[in-house]
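Structure provided below as structure tokens; questions to follow.
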Amino acid sequence: MALIFELTIQGAQMMLVLLLAPLLVGFVRKVKARLLRRQGPPLIQPYRDLLRLMRKEVVLADNASWLFRVTPYLIFAATWVAAALVPTFATGLKFSWTADLIAIVALLGSARFFLALAGMDVGTSFGGIGASREVMIASLAEPAMLLIVFSLALVAGATQLSTVAAFMASPDVGLRVSLGMSLIALVIVAIAENARIPVDNPATHLELTMVHEAMILEYSGRHLAMIEFAAFLKLLLYVSLISCVFIPWGLVTAAAGPQSLALGVVTYVGKLAVCGILLAVFETAIAKMRVFRAPDFLGAALMLALLGTLLLFVSRSL
Amino acid sequence: MNGLTFDIAHLLAGGLVLVSFMMLYQDRLFALINVFALHAVVLALSVAWQAYIQDAHHLYVTAAIALVFKAIVIPVGLHRIIQRLGIHRDIETAVGIGPTMLAGIGLVTLSMVLMLRVTPEADPLAREDLAFALSIILLGLLVMVTRRNAVSQVVGFMSLENGLVLAATGAKGMPLVVEISVAFSILIAFIVIGVFLFRIRERFDSVDVGALDDYRGERR
Amino acid sequence: MTTFSFDAVAAILLIPPSAAALMAALPNYRVTARLNVVASFLTMLAALSLLVIDRPLPGQYLLVDDLNIVFIVLNTFVGFTTSVFSASYIAHELDTGRLTATNLRFYHAMYQIMMFGMNLAFVSNNIGLMWVAVELATLTTVLMVGIYRTHEALEAAWKYFILGSVGIALALFGTILVYMAAQPVVGEGTNAMVWTVLIQQAARFDPALLNVAFVFLLLGYGTKVGLAPLHAWLPDAHAEGPTPISAVLSGLLLNVALYAVLRFKLLLAASPQAIPPGPLMVTMGLTSLIFAAFMLYRRRDIKRLFAYSSIEHMGIIVFAFGMGGPLANFAGLLHMVMHSLTKSAIFFAVGHIAQVKGTQKIADIKGLTETHPGLGWALVIGVVAIAGLPPLGIFMSEFLVVSSTFARQPLLAIPLVFGLLLAFGALLFRLTGVAFGEPHGSTAPVEASYVPLYSHLALVFAAGIYLPPPLVTWFQHVAAILG
Amino acid sequence: MTPIVALALWGVAALLGTAILAVAVSRRASATRLVYGATLGISAALFVIVASALAGDPAGVSAVTLPLGLPWIGAHFRLDALSSFFLVVVNLGGALASLYGLGYGRHETAPHRVLPFFPAFLAGMNLVVLADDAFMFLLSWEFMSLASWALVMAHHREQDNTQAGYIYLVMASFGTLALLLAFGLLAGPDGTYTFDAMRAAEPGRFVAATVLALMLLGAGSKAGLVPLHVWLPLAHPAAPSHVSALMSGVMTKVAIYGFIRVIFDLLSEPAWWSGVVVLFLGGLTAVLGILYALLEKDLKRLLAYSTIENIGVIFVSLGLALAFKANAMPSAAALALTAALFHVLNHSFFKSLLFFGAGAMLTATGERNMEKLGGLIHRMPLTSFVFLVGCVSISALPPFNGFVSEWLAFQAILQSPDLPQWGLKVMVPAVGGLLALSAALAAACFVKAFGIAFLGRPRSAAVELAHEVDRYSLAAMFTLAALCLLAGIMPGLVIDSLSPVTLSLIGNRMPVQMAQPWLSIVPIGESRSSYNGLLVFAFIAISASLAAFFIHRFASHALRRSPAWGCGFPDVTPAAQYTAVSFAQPIRRVFGTFAFRAREMVEMPPPGATSPARLTVEVHDVIWEIFYQPIAGAIEFATEKLNHLQFLTIRRYLTLVFLYLVTLLLVLALWP
């Protein structure tokens, strides 16, 4: 009985992220449009796009191999699993111990790995551009992310997200400089990972400036849908990661009753909305930078994270 | 032993050292050879004296060898070689006479210092002899390394060997002395013949690995 | 029994000269070559018999003890294998007309006389007699080096002769000094030159005299050992003489001189006030090792290359004996044996290689493992062995030397290791060029005598893996003697 | 009943016998099949023996002494948990390399230069791990180097190979001399060369420090620790591919074994700063190695450089273990050591796999240069599939094995706050950052490797003729791929089988993992951190197939082929694709400027000029220029100067003798 209940909660979480991911993107787009005094697409536009793409036929480049066709599903699956393992509205779910934060980051890494390969499969130079720039960015973002994980783990004494979230919610955490630093670093990493402005522009179609879009240039139809969906999920993942670590209030434990769970879901959606607005504001306020400025941007994140870690030692041992 | 015998032996040995210095000083081949002949004569005398005072008769043989072979045969042969090879008379010394003399004096002092460390309990005559012999040997080597001319180097080697004989005879009752002196005479004969055979006009340098290595491509 | 065993020594001393006389008389070179082999073989048998039967009591002139029996057996064995090699080598020389039949009679006679001189040097109990024997061996090798009568050969011989003579003189003076030191204690006459007597009384000898004597002996015999900076004769003599002689020079003659140095080292060590001989030998050894290691890099002539490697290894051995102590002495002894075997094997290979390629220039010999696998791989194994790589014998001795030195005198081990590595780099560099790469030069088949070559290598290999206990205890005993 | 170590020695003897046999038959046609068959059988048998030893009585130690080697000591051989584990690595690698060789060897042009040395090489590696006294250890160590050197020289007609062999053997001998000195110190003046005696001895601080430095030089030069790595990328690719796999995948591990044996076993108590040194070197090696790899366009050299990176990762874990051990934190030390050993195992798997793949590529196309390849995925689908698996594993991506060991290393790093020393406190997280950096760069590197060589369109005619390789090679590669996945989804099994090793070396072990629900691994505590490869794998598989099913079932599955979008240009040539160099360009611009003093010069002709634009990239191998060129220059100089002594005149030589004599006499005169 309890097992079934837990399983349903877990399933609910998976479905929830699946449902909310496009909505978040639509919401961000809407807010951005409004900030630019535009009407903007309706909130559910992303769902429509996905459905339309799924119904379209796939136009496959002559040279595309089996890898090219398998990749979208792999990416989607990896991202979905990762997103499902981040506590959204409740901690301590049935399978939340399957992977800790490091593993989640690594899962996203696998997704990126295959995406980059797919970009190089067709044998046009755009795929190459995208892939090489993507791995360059990742090679800086991943260490930064890991150092953030360190500082969190040093504070919370664990890399298990449920534990971290529980600890951050508890009163004895207090306000710490290093946590602030890691928050900034995490935000920067999140922006870079999700190919948002200023590192990349999700809406661009000028090949020479784009990174993520360049890799998926050859994709169409359901494949494209899968990849887009994966991208939505990734954004949601990072937002919920930030929210569960740095604004953990309102997270409930899986064992709690249905009504508290419902409450948790509502607060979660609220958090998403807040983060979405902030993201939109940030993106409209800033311009995209040249590709080779991105390393400096990420380097800053790296430095911040390292600084935060070292500061933690000071604050711990004093 | 009484003082006189000792003094005579001492005198003769010291004379040898003196003659070695004269050799260092020479810069003309014929003169050098003549001085070497003198060297041999003095050696013969001292060896004979040793034979007398130790009354070791076999030493007379050594003395005779020294006299006949080194004082007469070899010098004459060398004269012939020089004429035959038409070597010009002056010796090219690698180092000037003056420094050479200074070095010689240094060597003699060195050998004195070394030998005077020998405990006096040892036979004093032997001690003196050794000191002189050592200095003669070192002076002979000095001649060899400061002269560029093959003949004069042979001479240097022979004076070195004279020092050896002196030491050998000075050592009371040392066996094999005669054999050794004979062996050495043969050795010297070899060298002289070699000089003659290989037409070593100027110097050992003309028979040296330089040409050989150019040939072998050792030099780049 | 004693008489019989004395006969063994007599045989060692008598077979060579009589064979020499015979061969000087015989015109046919095939016969003389065979005779040479037979004589060397018999000498070896006589030497081996010394191992089993009990030894003659030390007399005034002759002595057989644990120390020199090592040298004697090694000497006669390598002498035998070399004679086998020289038989096939000489035939080729005759075909190419570099040597005439008359040369060969002379050559073989000299070979035996040289063996005689070396054996005599080993068994002599009288330092004067030892001196005479060493010089005899030297002079004969001088004549052999010059045997080709080419310009270079004569020059090499001449150089060897002059430097050798000076060495002779110095050694003699040292010997006289030892006599002078002994004479007050032992009394006049031959006894003051008898080794066994000297070593017992050495403690009471005059230390100052002994010091001077040792310096002269070290330089005099060190010239023969080829220690830098007294080495000058060695490379050219190796490069210009017939290859069997190069093998004998590196494999045996150096050991003779080394043996003499060791004897006098013992004498000095037995006298408490005299300066310790160790430091002197260690310095000379290290100098030779590092100097030779550097010199290896610029060699263009393959025989000269290995001559320099002989200098290097003599340096190691002298270093080991200079360090002293059971481990180092054992290592030095082992190293000497292994070096003799390996180096002569290398020269066997090199001799045939030079004959088939018609040159000694390293640059003109390439890809031997392709064109002449037998010789090429033998050379590879030989060089690998001489460079001190396992599983070959020299590795064991170097292992012992280096590790024991580092445990006792870390600062001495550093230059030692440096020199070893340096020499390794040079030898391997040359080997790579000669044995591998695109083949170059004649690919004509060679009628080589592989037996001595590979038997030496097999022995070295076996020794690297397994040393029979009797041998070990025997060597350990000798090491103990060497202090 | 004969002890297990005796059985192992019999196996080694059989290998040596095979080598001798191979000399005899190597020119026959059937030789390849015969030799590799034999080595396959023997290695498999050895694998079974030691695996049973590890599984059966892990704590058990079986030793045997043979009357060989150093006379008064004899040859000691010993089989304990540590050596059993490394023997598993060695013989598994050996067996699979032999299996691969059965097919690959048929294309060998000079079998008589490979067949005799291959079994000898295997025997050497086994002996190193079995040896229990310094002499046998060094003998086998150098024998191993020698055999592998001979294999590197197999294709000796290429200039590069002979040079690689030369540098290799010189570096190897340098390492051996360093080890020799280390053992000399441990043995002491009276030469107690057995490992037991060394264990018993209590070395002083200075001795321990020197031994550590010497081991880093000796074992490090063999393993490819920066800056001693220069031989590795030259030598490993030069050998035939299955040998390269052995050298990279296994021989470097034997070097690691030597390091662990001496530092963890023979030297009992490490000092805390030794951890700092090893950590620093490891981190440096990891990052530099992978950066070198990123600049490579020769696939086999790229793999060799990535070996250097993995060695760095292993050394980082070892450094952590040292630090924890020195501070009496056994559980953390056990975790770190387990991470190191686990990575040893993993790297032996995927590096062998990748070298096999490179070899297959070589046989199929005759090309090692990736710039001339591309699109192989169409010609050799199976090979490219397993190669992809290898790439994913080595890039430390879940659910494969590479990730697990890196994850364990990170978990160990997270224990660092409890370390007392400030140096370590500050150092460890920084090194952790380096580790993450190297992992990310590795992913980039292998995206490049697979993307350039196997994906895209063919860049040369060589690819057109390519075809799938023989079944032996495929069997070997698929086995390794399966092992990569297995070790990734059930890591608990490996961790538990490693516990005896950590127990024997550190006296503690990680908690039992197989007891965990769902086969997940929990290094410290459930609430702290946990990972479950099996579930991750299952989830990804399920959700991917679910997604695919739903879409194909309910949405379209129509598909149309058409030319790729060329930005409006018709039929772009394959040359327009991204190349290995251009792929690495962004990373080179980010990291290369300080790591390699890389410069890019662009000559852009003025508008309207018809001359082509030119981009020139100059990259410096800084390590080589800093460490090795000066040494070579110094030796050159010294030989140049000393060589004059060869050409003196006899008189000058006499002068030398004379001066020497006078000096010695002066010494005597001045002697007190």
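A, B, C and D label the chains in the order they appear, each numbered from 1.
Heads up, the rule we're going with is that a residue touches a chain if its C-beta (ideal position, glycine included) is under 8 Å from a C-beta of that chain, and two chains touch if they have at least 3 such contacts.
Not measured: the values here are computed from a predicted model.
Engineer: Kindly list the shared contact partners of chain B and chain D, in label order.
Structural biologist: Touching chain B and chain D alike, sorted by label: C.
Engineer: Compute per-chain Cα centres, compare each with the mean of all protein Cα atoms, and return the closest chain.
Structural biologist: That would be chain D.
Engineer: Going by the contact definition up top, give me the pair of chains with the most C-beta pairs touching.
Structural biologist: A-D
Engineer: For chain A and chain B, let me know how many angstrom lie between their CA-based centres, rounded off.
Structural biologist: Roughly 99 Å, centre to centre.
Engineer: Go ahead and note the Å separation of the Cα centroids belonging to chain A and chain C.
Structural biologist: Measuring from centre to centre gives 78 Å for this pair.
Engineer: When the centre of a chain is set as the mean of its C-alpha atoms, what distance in Å lies between chain A and chain D?
Structural biologist: Inter-chain centre distance comes to 35 Å.
Engineer: Per the centroid of Cα atoms for each chain, what is the distance between chain C and chain D, given in Å?
Structural biologist: The answer is 44 Å.
Engineer: By the touch rule stated above, which residues of chain A touch at least two different other chains?
Structural biologist: none
Engineer: Of all the residues in chain B, which ones touch at least 2 other chains?
Structural biologist: Each of 114, 117, 141, 144, 204, 207-209, 218 in chain B touches at least two other chains.
Engineer: Residues of chain D that touch two or more other chains: which are they?
Structural biologist: Within chain D, residues 646, 648, 650, 654, 661, 665, 668 contact more than one other chain.
Engineer: Quick one: which chain pairs are touching?
Structural biologist: Chain-chain contacts present: A-D, B-C, B-D, C-D.
Engineer: Residue numbers of chain C touching chain B in their complex, please.
Structural biologist: 128-129, 132, 135, 139, 151-152, 154-156, 158-159, 161-162, 165-166, 168-169, 172-173, 176-177, 179-180, 183-184, 188-190, 192-193, 206, 208-209, 212, 236, 239-240, 298-301, 304, 360-361, 363
Engineer: Looking at the complex, which residues from chain D come into contact with chain B?
Structural biologist: 646-651, 654-655, 658, 661-662, 665-666, 668-669
Engineer: Taking the complex as given, what residues does chain B use to touch chain D?
Structural biologist: Residue list for chain B touching chain D: 94, 107, 110-111, 113-114, 117, 138, 141-142, 144-145, 147-148, 153, 203-205, 207-210, 213, 218-219.
Engineer: Could you pull out which chain C residues touch chain D in their complex?
Structural biologist: 158-159, 162-163, 166, 170, 211-212, 215-216, 218-219, 223, 229-230, 232, 235, 275, 280, 291, 294-295, 297-298, 325, 327, 367, 369, 384, 387, 389-391, 395-396, 399-400, 402-408, 413, 417, 420-422, 424-425, 428-429, 432-433, 436-438, 464-467, 469, 472, 476
Engineer: Using the touch rule from the top, collect the residues of chain A that touch chain D in their complex.
Structural biologist: 54-63, 65-67, 73-74, 76-78, 80-81, 84, 95, 97-100, 102-103, 106-107, 109-110, 112-113, 116-117, 119-129, 131-133, 135-136, 138-143, 145-147, 150, 153-154, 157-160, 163, 207, 217-218, 221-222, 225-226, 291-292, 295, 302, 305-306, 309-310, 312-313, 316-317
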